[in-house]
């Protein structure tokens, strides 16, 4: 303690001459920093209402409120934030699957009414909506889930281009769990899936490595998981919310993974279907395709006696006769079908309705009939030369290939069509060409442009890998025929298919022409309905809608009470729709039969 | 002494000026203090606003009669100090009710307010008030020791107990001020002044860090307004007293304003940079150096 | 929010163990040897219902309102995490003194009560006492989202969710934590309200006292204080 | 570290051990041996500093796990002594004679888990909660969300939609 | 001639009040010798929202009890029902004044139990944030010690520089007080452009502040008189009461996790924590002041050594359902108050089984403070409390 201790503190007074450091206008002089986590902004057009922000919010500050009617891939909901809960951690921004959510650097919100602090960013206008600054998801490798798909092992093009063995090998356990881990459980896929499969739930089962639970979830809505797991059109993956920033989840492969893990003989035990009740009602199913099998399965679970009538010698319908083996091996079809049959479903092969037994007779023998007869007729282009005998329909050709018949393969082939069936036939023929000529010379041309092609992206890519040439955006004009053998296909450039109102109205540039040489032409531009088994008088009782489609009610009941129809004939070619229809129809039949039990009700 | 109405009115006017000056002084001092921290500080008119608000509040608590009388006593202490203090030397209007023995009375009034406060705050029932009051009384007692010694020394020096005469004796130039003629007494008094103004290091009475805020803990509204008004008056009056005793008094208001401001600023100047003493430390401190100085001042003039 | 002001059945504190030991009825010996019976709850605390603060009109009242608005004395009671952003306000960067806002250490001298963030039940009890001891007109600022709807701690078993059920709130400031500027803006808003004579929540508290008291007593399990702390 | 563990194993029955890092391992001992083990560690192995004492509720097994985490400032290692006590009438011997600060932990455990430490100072006083009349909140069977919603009721007027069900109901109203 | 003997002045208050047979002081409140007062929860002299129940004899404290729980939110319970990623914003609020060690501890616990390696850049950034956080605490904490004795000037200066540091935090992390920057797996962003330059400017101000505070506080006679000899902690209390950090270092015991158990990249930095042996409030204050200087130096070292660019986050499982295998761990770091640790038990689910946070205040403010306050002057309670760096939210969580 010295005199210094008394005097040095007074040096503090030197600050009196300095300007105060106070922020003069605190509201304007000091805006939030560039990264400041202020109030929410949302790009409502980008947002899909997946609700991931709601799920990650530990304060339950976010609600999803309706904004518009949902469309496929957009739930129509938008997040509403409760600032009585929010803690401005911005996890919702970081996790946002579309990067639509962000925070502005605005931070002042004063109100006298506590109810005011709830708002839907982007919809309710706020002063900070135009604010560029504020928290955004950090750049760089900063993700809360893996954006990249776990790659599944494929056969190399060289290995697969001459054989029909299955080209996709399926996930290993680690891969499946890793892939399943990417799911954010938004459930947008569930609503988009025609069968409304519990996709997030069975993906969760994979994460938990609980295959039995996964199996039970699958069979709740889909009795053909092995098949669906391979060839489903996976609308779910198109809308997958992860797909907005990265690769969508391989939902289809995950489904297949579950089904692959369970041996056939365990099914009954896991699904608890060893002892099913049997009641005295009988239901006939026409066609052992996806919808028929699905209907049969669910009807059988409800206790009905089910008989399937199948025109070919094996069950499976289009799945067996329309899809090449490299995509869907026959043993996997058998696995699913055998299980359904093992439940006590009777099946009569080689029985064609209308020929072997009439529909009316069926109606008398059974309490209800479900027809899922599918689209087995090929649809032609109708262009000049298409009536040549070397111009084929893809449906016929695929049926022959899949049933093991020898077919004629030319050294150069042109396939017309841009859908998955076109790719199937292209790739099947390419394989056959490879087997026969050891080289591939096949051209596939489609009306649709590359980005609008209805076929799956990977199908196109793999076709090209296998040696096929794909020319999208060309409209076939005529087939040049010399000596009764097609020489090639004339095409013109096609720019767009639909007009503004969405009607089919192709716009072609007739001057831009092209010519694809080929000694065999395959038309694969769609399939047609074959309802020849329905007699004319019967048809009078059934309502028909535009384009010759049968009109049914929501449960696929036709004008004839006991006659239900579903599947491709109603919904168009799609296995998952078929399954969904079958399920729904089963519910409808059950309702109908119950009601007819109590006619007074 | 003159008891005419005119005198009374002039005194009232003086009181009004002093009150306002006291408030302006305190806001100015706080603004200067704020600048040392780097702040802007309160607006200059803030004390009036605060006072207006305080007077507009209605009292809600009742702690008994003494509770109400405490602030009144305290205010009387300040007003009393002012009443018997000649403000401007040589002016009849501003000499208030100063008389030949006013120095003694003023010493009494310095303590009067504190005693009133003690009564009132004690009635408040809050332990912090009680602790604050007991500390305040202890500290004031010790402050009074050097103060009284200094006053006695001056009285001996000038052979009078009248402030006016003491001021008169200092007229005649800068070096006739007591601060030069009797530096020890000035030293003792100025050090005791540090305690009287209640800035650190001697503000344990109101120490907001431990007994918030001492005696006025329970006071609010009008009563707090009284206390604040009293503070304004007391600070100027006390500074004026010191000005009269040691710094040659004032012959006009400007001089008074400058001098009282500087005297008041002295306590802030010290208080800004020192923490506060514990009560026994401050008691000890007052009984050491200031008291010794005071004794020295008396010894010299004996 | 429906506020019932029917005199509800407020449970009068009777249970003995709910009374703090220093407030229990007891007999004390006076210095002269005589025995005095004291009942602190009745003797020391106010038993009367509070009265509303009367809002007058006219130029004087306008002036007084201006004075009230320009002289906000804040009670220094950091009830939750928000208290971390109050000290910066008295320091050079933000310096709220220049707006006439000051901190006071005792409720008796404060007008503004900042509920800084969440209130645990234990603190709520103290906050009510502090609030009631403040002289009218008084104002409450709810700081941070916790005061609005529970905020971060919406599912905690020990923090209240809605402050306006227990204390009347004049101004809410959203944020967790709000920046000091937001607090300053809150003060500005409060000033605006006071000047317009609309900051009348304290009267609402008195009008709906029974409703508030019932809410408070519902969650404060050991109500060992007097009903009124004015 | 290994030496010390071996030494302990030769004196006490260690039912389980888990080495987390070079400087941290957890040992499980019987309830009866726990106190003597911590005392031994404190007095003979230099684990003089108590880092923490806490409990874990293994409600499925009907046990509380008590963890005494001891720190040896000189070797800079830590040993966690775990012991299982019965969840019903949970009681543990107090160790307030070993460390002055442990009574705070024990008070907290008493209040938050309902584990009694007879003899520990101020053990029966409220520590954090005031007038708590429910089951001790840190027990797993106490549902804080439910309690909060019943007691402090969130602000009404909020409703949310699950994207999947909302879409299903809007897109396929009949399904 | 002993004046004290003649006037029978007894300065030895250690035997006052009498100690009963059970070892506790006999305090009879009705004897009018004692007065019971509460400091807090509404009290400017108490750090945060807690209460001290003090029994006084005159100005002297004869018995003290700490009452906590005013800030209790049940974090440990809340985290048991939150996913690991959701724990992260929750956990930050455990200690309000210094939130970053909470984030760090949670992240490290999760990473350690799930076996995730953090990228190097992220580790440097974490260290930078932790040191900046320590800096902002100490900028208030060091002069705050004088503030408890009513010397508020240093506090004002320090707060200004702290506000500037918080501005840097805002730039880097997006938050002023709750940074929520260190999340399990990494950090949430690289340094913005020009950040180092601006931080260096602030550090220069801090250097100046260090010097000024030395003049104002440590060379201040009144502060010395108040603080020296106050709140003495004997060396044998360190283990018995659990004394950590600066308080232990002031007693001559080296307790600094950064040095004794280097984490992150602290082993690559050059620093030596200051120790002294006086062990009173003044010594603790000086230790903190040296810590402040050291922190400024450490930040400069970190900025010089850290890589500019790089990965900021290790790939983690999908955070929406991140499950961690069964296990338990205790992770600690050095906060400005001392050893700060988190004990986490996982059971294989996506939420922690139990999280227990242990901060130095837990023992400092309870057992130790109660002990140190006995026979202290009531005027010194705030001083002792602040010197132990009490942080109530961390005690009761």
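By written order: A, B, C, D and E. Residues from 1 in each chain.
What we mean here is this: contacts are C-beta pairs under 8 Å (C-beta built on N, C-alpha and C of every residue); 3 or more make two chains touch, one makes a residue touch a chain.
If you're wondering where the values come from, they're calculated on a predicted model, not measured in any experiment.
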Contact-graph distance - origin subunit A, target subunit D: 1
Chains in simultaneous contact with subunit A and subunit E: B, C, D
Other chains in touch with both subunit A and subunit B: C, E
Chain nearest the overall Cα centroid: E
Centroid comparison with subunit A (C-alpha atoms), farthest chain: B
Euclidean distance of C-alpha centroids - subunit B vs subunit E, Å: 42
Rounded Å distance, subunit D centre to subunit E centre (Cα mean): 23
For subunit C paired with subunit D, centre-to-centre distance based on mean C-alpha positions, whole Å: 37
Two or more partner chains touched - positions in subunit C: 76, 91-95, 98, 105, 122, 148-150, 152, 154-159, 162, 176, 179
For subunit A, residues contacting two or more additional chains: 9, 12, 15, 20-22, 32, 82, 84, 87-88, 114
Overlap residues in subunit B, where contacts from two or more other chains coincide: 34, 36-41, 208, 212, 272-274
Listing of all chain pairs that touch each other, if any do: A-B, A-C, A-D, A-E, B-C, B-E, C-D, C-E, D-E
In the complex, subunit D residues that touch subunit C: 128-134, 137, 142, 144-145, 147-149, 151-155
Subunit C-touching residues of subunit E, taken from the complex the two chains share: 30, 36, 41-44, 48-49, 69-74, 77-78, 81, 89-90, 93, 96-97, 140, 155-157, 159-160, 162-163, 176-178, 393
Subunit D residues within the subunit A interface of the complex: 155, 157-168, 170-172, 174-175
Contact set on subunit B toward subunit A in their complex: 32, 34-41, 269, 272-274
Sites on subunit E touched by subunit D in the complex: 65, 68-69, 72, 74, 76-78, 80-81, 112, 237-242, 253, 255, 260-261, 327-330, 332, 339, 341, 343, 345, 353-354, 356, 358, 362-363, 366-368, 371, 396
